[in-house]
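Each of the next two complexes has chain A plus one more chain, namely chain B in the first and chain C in the second.
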Partner chain A sequence: MGYALNFNLIWRHFDKLWGGLLLSLELAVISIAIGIVIGLLLAVWYVSAGRMVRAGIAAYVEFIRNVPLILLVYLVFYGLPTVVDIAYSAQTSFIATLSLYSGAYLVEVFRSGLEAVPRGQIDAGKAIGLTPWQRLIHVRLPTMLRITLPALSNTFISLFKDTSVASVISVPELTYGAQWINFNTFRIVEVYLVVTAMYLLTGYALLFALRLVERRFRAAR
Partner chain B sequence: MLGQILYALPFLAQGFALTLWVSLLVVVLSLIAGVLMGVGLVYGPVPLRWAVRIFSDTIRGIPILVLIFFVYYGLPAVGVHLQSFWAAVLALTLFKTAQVVEYLRGAVASIPKGQSEAAMAIGLTFRQRLAYVIFPQAFRRFLPPWINGVTDAVKGSALVSLLGITDLMQAINQVIGRTYEAMPLYIFGALVYFAVNYALSLASRRLERRFSFIRE
Partner chain C sequence: MSANANAALLDVRDVSKAFGTVEVLRAVSLEVNRGEVVSVIGPSGSGKTTLLRCVNFLESYDSGSIRIDGKEVGYREAGTRQRRSERDLAAMRAETGMVFQSFNLFPHLTAAGNIMLGLRKVRGKSDAEASQIAEHWLGRVGLAHKADSLPAELSGGQQQRVGIARAVAMEPKILLLDEITSALDPELVGEVLAVVRSLAEDGMTMLMVTHEMAFARDASSRIVFMADGSVSAAGPPAEILGTEIKNERLRNFLARFRASHF
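== the complex of A and B ==
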């Protein structure tokens, strides 16, 4: 062995890790927010649309779910600007990728959530004279959101971990910070121990907090 | 544009073969390790249960990328020297093993307690109970999510490109470095990964439907 742990250099550069963690969280929050919008719109469209639209939405979902995230990140950052005339930063590019990525997972979540809304609630909405649009806004979506809350928090935590892939296009999030310290100080074991602890603590703290939120808003039985 | 892909096809095929080889190794090794640890988690003594629980929750709580870097850069630092290929396989296997543990736990937990009690009542030993009563039934619960989870191994294997291993992902990046045809090559790569993973998830769904007649 002969490897003596020495955390001094890690603490000296801890701002890299702390800033990285905050950026990871920021990337995850922005991406899931956009992902929720994509997921909601497509799920509502899916359940009311014809065969062509359904096939299109299913193709988007299946494509994203079956391709490695790293390839999607490369495709959007290095590939897309070669065919369309737009310029964006690595961070914007990653947020766009992760939003599309989470959107694909959330369409599925919301679609099955909409199907799980009890028939009786929709009928009750009809009975009191709500229009289809009012039924969607006041009856189906609120109930669906309560049903899908656990799946939503799982998606968020998994997105938080997926932000580590942003390091491959040099977005200075937590994994990038770890790489930086790794290459500049060679305190390899220490930095990955600290970063592992940071991902675990943050992940489980989020899980705990989100479970509390879920309990507050749990669908009535 | 297509000419570039055709010209690079043998090279890309080599990368693809490596992607499949890494995935296969990871899937087989993690199946063995995961089932053993899963049995330990469900039936083992308390310290073993705790050890497996901590292992699984830790591995599943960190990004695969961090796990890969930790194993790849960390092992030599503590005096273990593996080729980068095997470091990558080890890291991905750890990640997959934690998944297999959870699939197995879920599958075994779905078997009603009465089954195991009945097997005990007719005098089967622990091994016989597992082999003749629990596993045959749990298998049908285990298989669909497990096959679906193989796609995670294939997708995760794309990360080994970061260790300089020439898998499909890395082969694509190298061809792009030479031809600057980024978009067609990334789309080509995406379609290859998609074909493999979509076939796997279709198989998983079909199996799930086939086993759906079972009521407990």
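== the complex of A and C ==
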């Protein structure tokens, strides 16, 4: 092994990695936010709708979950603009893709959470005269949130890591920054060690923050 | 008051219901007058709880009618068997209070919050008003100091007292109590029954399903004995729980009950 580790070149280009990490977080936050809206709407629709709607939502979930994310990214970025007349930046395209992707996973999380709300609580809501909409807002959703928080945390961390796929369409997030440094310095081991550490630390920080939220909610149980 | 001031407040007439092929209610009829406390007793599986859940339409019924203050509960008038709209049902249910065997408090709301939810969202009261009413009722059930506690921080007996406060704070016309002490440790039963007794003294109309025979005897104006989905015997406590019982099923039920409780 004649390879000597040299991190100097990495530090010289660290702004690429730091900027990349911030963009990764931005992509994750925006996509997850949109995904939560999609997930909540579809989950609520699913549990109250008939067979047709359920089949439609299930088809969306199954499609997204069985196609690799990287393929979806290619489809939306390269495929869609050639078929329909739209133009968007790589970044917008990726946010759209990851939003649809996270939406599909979150529908599942929210749906199972809604179905796990104890019957008795819904009965209690009915008994004091709440309308179905009021029961959803004031009884079912708060309880669902409490039930699904651990699963939500895992999904969020997972989606944060999935932002690395954006590098394949040249969105300058963290993994893309690593590739750029690698191409320009050939310090492949060093750069991926540093980037791995950055993903790991950020992931842990996110997990820690989410666990704090969970604990707060559990204390309020 | 209502147009039928001298009719029964709750009028259950020939109500039948089946879950699939199992008939759980067979032409059940009973009346509860204003200010009366009526207890329903009977072996498990006799349809007591189902009957109670039909009264506020948590369960639908297949035939017959249930009227509260002269108004049909779950279905539109004119015998069409057309289910009321959800909005209508919600408004009807707000007129009946229900206390559940397993308390069913909202776990994310404090004791006061549980009581205030219906007051604010259904009765349209302001936060301040609702909070005042919640405080009053928590005081009545002896939990003024627990207003800010979450259900998980309360004992079973305390949770059930909040459950009662939540129901009566809505000023229902009738209170439905579904085996409200069955999930409690024996030493906590007394505190809950004391609250029910004080409500009865205030003239609250109540229909309760219970296994507390002594309490049913002391607190009820009438007792209804159900077996196999129908009313098998009904009358004043002294008659139903007395020493000379002609009804054989009731006699067997009471004998079994006594054997298992003493």
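Everything that follows uses one rule, which is that the second predicted complex is superposed on the first by the 218 of 221 C-alpha atoms of A that agree within 3 Å, B and C clash if a C-alpha of one lies under 4 Å from a C-alpha of the other, contacts with A are read in each partner's own complex, and residues count from 1 in each chain.
Heads up, the rule we're going with is that a contact is a pair of C-beta atoms (placed from the backbone, for glycine too) under 8 Å apart; a residue touches a chain by one contact, two chains touch by 3 or more.
What you see is a predicted model; the values in this text were computed from it and never measured.
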Chain C versus chain B on the shared chain A, clash or fit after superposition: fit
Which of chain B and chain C A:66 touches, first, second, both or neither: first
Which of chain B and chain C A:134 touches, first, second, both or neither: second
Contacts of A:142 with chain B and chain C, given as first, second, both or neither: second
Partner, of chain C and chain B, that touches more residues belonging to chain A: B
Touched partner set for A:56, first chain B, second chain C, both or neither: neither
Which of chain B and chain C A:203 touches, first, second, both or neither: first
First (chain B), second (chain C), both or neither touched by A:124: second
First (chain B), second (chain C), both or neither touched by A:19: neither
Smallest separation in angstrom, by C-alpha atoms, between chain B and chain C in the superposition: 26
Interface residues, chain A side, partner chain B - complex: 1-3, 62-63, 65-72, 74-75, 78-80, 82-83, 161-165, 167-168, 175, 178-179, 182, 186, 188-189, 192, 195-196, 199-200, 203-204
Touching residues (chain side chain C, partner chain A) in the complex: 56, 58, 86-87, 89-98, 100, 102, 104-108, 117-118, 121-122, 150, 152, 166-167, 170
Chain A residues within the chain C interface of the complex: 118, 120-121, 123-132, 134, 138-139, 142-143, 146, 220-221
Chain B to chain A touching residues, read off their complex: 58, 61-66, 69-70, 73-74, 77-79, 151, 154-159, 161-162, 169, 172-173, 176, 180, 182-183, 186-187, 189-190, 193-194, 197-198, 201
